[in-house]
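Consider the two complexes below, in which subunit A is the common component and subunit B and subunit C are the respective partners.
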Partner chain A sequence: MILRIASKELFHNMSTSRFITGFLLCLLLIPFPIIISINEYRSKVSMYETEQKQVDDKNIVKVYSAYRPVIVKKPGPLSIFARGVSYNLGNQVKILFSDIPMMSEGKAESRDNPFLNRFFTFDFISVLIIIISLMAFLFTYDICTWERETGTLKMMLANPVSRASVLAGKMLGTFFTLLPMLLFSYGLCILVIMFYPDIHFTSSEWLRIGLIFLLSMVFLVLFMVIGLFVSSRVRHSGTGIVICLVLWITFLFIVPNLANYSAKSFVKVGSVENLEFNIKELNDEYLKKTEEYEKKLPGADWDMQWNTRWDSRDGFNIIGGASKSSFEKIKLKNEFTEPLRVDYADKKWSFRKAYITKLEKQQNFARYLSFLSPSEIFKESVNGLCATNAESHYNFLDQTRRYREELIHYYKEKKLFSSYLYFTQQDPKNFMTVDEIVNYLTKGELKSFAEVEAHKDPFYFFGKTKNSFPNSNIDEWKSIDLSQFPKFNYRPAKVLNDIHHSLLHIGVLFALALALFYFSYKSFIRYDVR
Partner chain B sequence: MLQAIDLTKRYEDQQLALDALNLEIKEGEIFFLLGANGAGKTTTINLFLNFIEPTGGKALINGIDVTKEPLESKKYVSYVSENVMLYGNFTARQNLDFFAKLGGKTDLTKEDYYMHMREVGLQEEAFEKKLKTFSKGMRQKVGLTIAIIKDAPNILLDEPTAGLDPKAAAELLQILMNQKRQGKSILMCTHDIFRAKNIADRVGIMKEGRLVMVRTREEFLEDDLEKIYMNYMHEMVIEKV
Partner chain C sequence: MLKTIILTDIKQNIQSFKLHVTFIIMMVVFTVGSIAYVFQYRDAMEDYRDYSSKMLDKIRKEADINTTRIAIEKNDQLFAPLNNGFIDDAKSQFTPNNIQYSAYNVFGYSISRKTSNPYLYLSNDLNWVFILSIITSFSILLLSYDAISGEREQQTLKLILSNAVSRGVLLFGKYFSIIISGVLMVLPGLLVSLIILILSGTLKMSSLLAFETIGFLVLGVLFISTISALGLLCSVVSRTANVSLLIGLTLWAVFLIFSPNLAVFAADQLFKIKNSETIQAEEKTAKDAINKAAPEGSWSMWGNNPFFPKHELRAKNITNLMNAEKQIKDEWYNSQFRQYEKAIRFTYLSPISILGMASESLAGSGYPRFRKNWDDLHTYQNQFLTWFKAIDAKDPKSPHWYNPEEDISTSREKIKFEEIPLYTERMMTIPQRLTKALPGIMLLVFYSFLLFGITVVMFNRYDVR
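Right, the complex of A and B next:
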């Protein structure tokens, strides 16, 4: 009996203009966001390749202090379906010893013309949400009322048919009316993607697409049941459509904006300036400690250094040439300052982590509040499956932090901080005393450093030099072997993990649908068919 | 057989729509229930079809309590409403097919439907036309065909001739006579006192939820039904004034 009523409902729905309108909407609205998303994805991939090449070029390192790998996150092709927050965040993380990565850097979404940014773009899922929820409401706002208004409900119930069968049959029929639209939307999306041969999906990504489709079906059912519930509570179709439209606007537009606004109002994050002030204080403290330590070290006989490259930010220091005592002093200094740098990074992290935790709290507040809207639950779940949600980014950042720990551990284990190769490729066996340097560089014209010091003119010595410092040309140094160094391997969340999450969301949406169906049934049992 | 035993309906606003109705319509009998708007005629039909629950008494169809066994009782009753709308985007035959199957007739062929439509006087060219193109009279005929196809022993009709032209109304009543001959119990609620005089076996007049008078055919032909009805209506008008 249910199937009979379902087929009647399906046939009836298919003969209405709503059905054609739905397909036209899909045809008109689906391809454009897909094309835009594909182009954005391809441009992100091209940007990634350029950045990765730059990073690889930079990885030719001559000393250990120069090895600060940059990790570039590769955009995933599933961002075509749902971009989530991925395009708002940078895609690079530089591994520094003085700082634990807080946020990614690099290019976020921006247009060549910044004034165009006010025209926000939709991705596939956003458009699908609009179409499917609207069509679900358009086919269900009067699912009970129009048959009451035309008297066919009485005609049906004058037969040995239970109200539960009528309700189930009508819902089933409407579901099979809307399912082709959903299939058509996905088919159209895949068809457009197939026109771009450079876009490939792995089997795991196909599985995720399958799950997204499954979620879309549950989402469709939920909106149908909401429409059914409204229709079972009102007597006139006019009232039903007004309530459904109000709900539609509330779920799709008001709740998400209200959630963000409330999160900003109720969960305060604190100022970045305050954070930066605390970080600066710790940086100053670190500098002070290193200076104090340096003062305690035995003074070098001559502070003169040849071919030096230096950056105070993260201990980067390359010295082409210096006296033996200078090299020894720098080595001693590094033994103290570099582990201390790591310690201070941890101290700075406590402030940064507190800041990030507040950001996460604010985001979670907005997210959970937005879950008042079923479309937001659906969107969040799809973003999770497409690895474009905030969690995926946190996961990426966590992995970069773990990698940094691994790298530091390797430096400590291999005692690289206290190695000469941390700042020079000069062989310790060939280190020269100051007298040997003076003698070598002036080809014996000056015998000792005392002669250099005897002349007050600093350029006196340079006027006498005939040789360059041996093996001090950094550009000629060979790149050090990094093959044994820990490598960063981004491990996206496992499909099973995402399935678990999406099943949870599917469960929530399904439970909501079931609960609403139950209430609709209860209403329909008492529904006045007259 | 249709039976109402102290059948009562009081709505939530305490309005008494039907007050202890006692009625029995036997096989092969046509019972016309007359009365003004709001007298309780349609409420009676709604109670027999279990569209609403009684607040007292019971309605029986072939001895089955409609409240206790609604699905079972509906196997034995057909219904024709005042304004048969049906599904406008379906053809007459598709409408018949859907409702026939709901009524349990799953083995009918296209030819069977055509035969039944011919029986009620529908033109051949209308069989496969969409119902939204039909006149009210034609729709009522389709509604009646649905009732006939179900072939239930009881037929409930709620103002079926309202808005019909005299010819269409006469045809409809002729069909009812045929059904009566087949031994069906027919309860028809109407304002149409003239049709009642033509085909009713018994007539009941309802007033403010109560069945105030029942006359057999012999009695109402003797007493001038029209006069009796008008007297009741007049009394009601005076009471209201």
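Right, the complex of A and C next:
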């Protein structure tokens, strides 16, 4: 009997204009967001490739102080389905000794024109939520009232059929009306993606897509049950549609924005700029300490250096040539400053950590408040499955932090900070004193540094140099072997792990659907069919 | 007769269940949104004050070192939070809100994260534009979709028309009553919102505030009338209310979702611009060429003597590098401006987007604000450089070799902080805002007339049985 009612319902639904409208909406609304998401994804991939190439170029390392690996996170194609927060975050992490990675860097926006961010585009899953929930409501808001209003309900119930099977049959029929729409949406999505042969999914990604589809069915059922519940509580279809549509706009448009906006307002984070000012103070303190230490060291006879390259940020310093005492001084300095740099990174981390804890707090507040809306619960679990939610990014950052520890440990263990190779490839055996240098460079014309200093013209020495400093051309130096250094391997969370996370959400959705169905059944039993 | 129709319809609307529900929601969102805004604005202002005072301290410290430092230091002009963000904040956290400059150059712009949390999903602020464009438009649709088809279904339409009333008058009466009901639905929320903002001290009564509020009201009424006309049109194209509703909802979703997507799609496909990787590569090529052509010794440093001849070579080389980068970047920036301006046109298909764009102009925020700052900063930078060169010219200890990055070969005298010309943002004036908002306003008027006109034509052929 249930099946008969279901098939009757199905045929009835299919002949209505809402059925066609549903498909029309899918056709109209789904392709554009997908094409945009695909463009964003491809631009991220091309960015990833350029960045990766730059990173590979940079990894030609001549001295140890130059080795600060940059980690680039590969964008996942599932971001086409659900963009999550991947849109806001850069995909680069530079491993520095002076800082523990707080957030990924790099160009966050996948749009080359930042002004286009003015237009909030929807991703596939958001559009799907809008269409499917609307359709679920439009097919269920009058599920009890319509037959009563047309007077067919009492006729149907005059047959030997229980109210429970009428309800179950109607729901089943409606479900099978909406299922093709869901299939159509996914089919359309996959079809558009197939036009881009450069986009591939791995088997694990296909599994995830399958799971998302299953989840979408649960979501569809939930919204159908909500519609059914509303319908079972009202006497007129007109009231039913108003309540359903108001619920729809509340769940989909008001709750998520309300949640984020209140989180932004009531959970204070503070600005990055101010955090950076605090960090700058620590940096200044560190610089002061290193300068003080440098003053205490025995002075070099000449501070002149040939072919230097340096960067104030993280101790990068290459020196092509200098006097013996100068080299020795730098080595002594590094022994002190580099471990201190790592210590200061820990000090800065306390500020950074406090900042990101606040960010997480704010994000959690927004998330749990948004869970007032079932569609947000659904979205969150889809983002989880697509690995585009915040947790997945935290996981990535945690791994980079652990890798940094590993690398620093390696430097300390191998005593690289106190090696000459930390800043030069000059052989300590060939180091020259200052007089030897002057003699060598002027081919004996000037014998000692005293002669250079004694001369009236401060630039006289420059006119007299005939040799270049021996072996000081950095470009000709060989790159050092890094094969023994710890390497970074990103281990994304396993599907099972993500399912585990999403399971709670799915459970909540399911329980909600069951509870509402039970209540609808209860009210339908008492429903006055006249 | 018209008066009777209008009054009965307004009364009917006001007593209807749908109006009550949507009214409550709107009031809640207006209230929560305004309270949240008060907190957010306070925090943002506090942060901004903190930030600017630290910024000024930095400049003071530089001034204590020497004048050249003031000129070469790259400063960030971070946009201050606007006190009219409750009307529309124009997604200012996601679009360029920071311009970097020195006396030598306006380098470029970036999106400062400010207080925005990257781990939060993209969302709209609960400001007036959001409420109007989503909740109000939706409520109006609910009010109007069954205005004609609903009456036909209840068999009351033919009764009304059996009176001595023309179809045009009836339709106009309905149209007008929906607009009035819509305005009545929004006004209390707006008032509550204003009261909260004024009582909390966030807003001060001023002529500018009056202009912004009244401007928004006018825009709001135009928007409501456009959506009402749309709802009525949906109501006359179908014989049953259900179908009217379906058409209305479809159009609404299309306006909301389709139009921004279309704009980005069009920008991506039709008005392509170079991507940042290409620009980086171009810059590198240009810079490499300059460095290669640079005379030998251009990068030499020797002691602290400003008159070391190589300093002049280096100053020239660095200036060349800066100019080459500027040329490539400025061209790219201009292409971004053009692309955005073209993409906007696609959103003009949707009244919801028009409301957003026009209120952005009225509030003097968003892209118009950025462009004004961008232009103003260029003027300022020229004046700043002239000022610096004048000071440098008076210094006999300076060789006057202008170097945009180093404080070696120009004046190294200290300067009083008070003498430094600082950049302050000048807000858009009322006429400027009106000019920018005018196309949007005109379009809304046009759409209202067009949609209502079509509705009248359709209704004249409508079978009322």
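We adopt the following convention: the second predicted complex is superposed on the first by the 499 of 530 C-alpha atoms of A that agree within 3 Å, B and C clash if a C-alpha of one lies under 4 Å from a C-alpha of the other, contacts with A are read in each partner's own complex, and residues count from 1 in each chain.
Just so we're on the same page, contacts are C-beta pairs under 8 Å (C-beta built on N, C-alpha and C of every residue); 3 or more make two chains touch, one makes a residue touch a chain.
Bear in mind the structure is a predicted one, so any value in this text is a computation, not a measurement.
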Exercise for the section: For A:Leu172, decide between first (touching subunit B), second (touching subunit C), both and neither. Expected result: neither
Exercise for the section: Decide which partner touches more residues of subunit A, taking subunit B and subunit C as the two options. Expected result: C
Practice task
Look at A:Phe11 in the shared chain and tell me whether it touches subunit B only, subunit C only, both, or neither; answer first, second, both or neither.
Solution key: first
Practice task
In the overlay, answer first, second, both or neither for which of subunit B and subunit C A:Ile130 touches.
Solution key: second
Exercise for the section: Report for A:Gly151: first if it touches subunit B alone, second if subunit C alone, otherwise both or neither. Expected result: first
Practice task
Using the touch definition up top, name the residues of subunit A that touch subunit C in the complex.
Solution key: 17-18, 21, 24-25, 28-29, 32-33, 35-36, 39, 43, 46-47, 50, 84-85, 87-89, 103, 107-109, 111-122, 127, 130-131, 134, 138, 239, 241-243, 245-246, 249-250, 253-254, 256-266, 268-274, 277, 359-360, 362-363, 366, 390, 393, 458-459, 462
Fill in the blank from the handout: Residue set of subunit B touching subunit A in the complex reads 42, 46, 49-52, 71-72, 74-75, 77-79, 81, 83-90, 94, 98-99, 101-104, 143, 146, 150, 156
Handout entry: Touch list for subunit C against partner subunit A, complex
Key = 17-18, 21-22, 25, 29, 32-33, 35-40, 43, 47-48, 50-51, 54, 78, 90-91, 94-96, 109-126, 130, 134-135, 138, 142, 242-243, 245-247, 249-250, 253-254, 257-258, 260-265, 267-268, 273-277, 280, 302-303, 305, 308-309, 336-337, 339-340, 343, 347, 366-367, 370
Fill in the blank from the handout: Contacts from subunit A onto subunit B in the complex sit at residues 1, 4-5, 8, 11-12, 15-16, 150-152, 154-162, 528-530
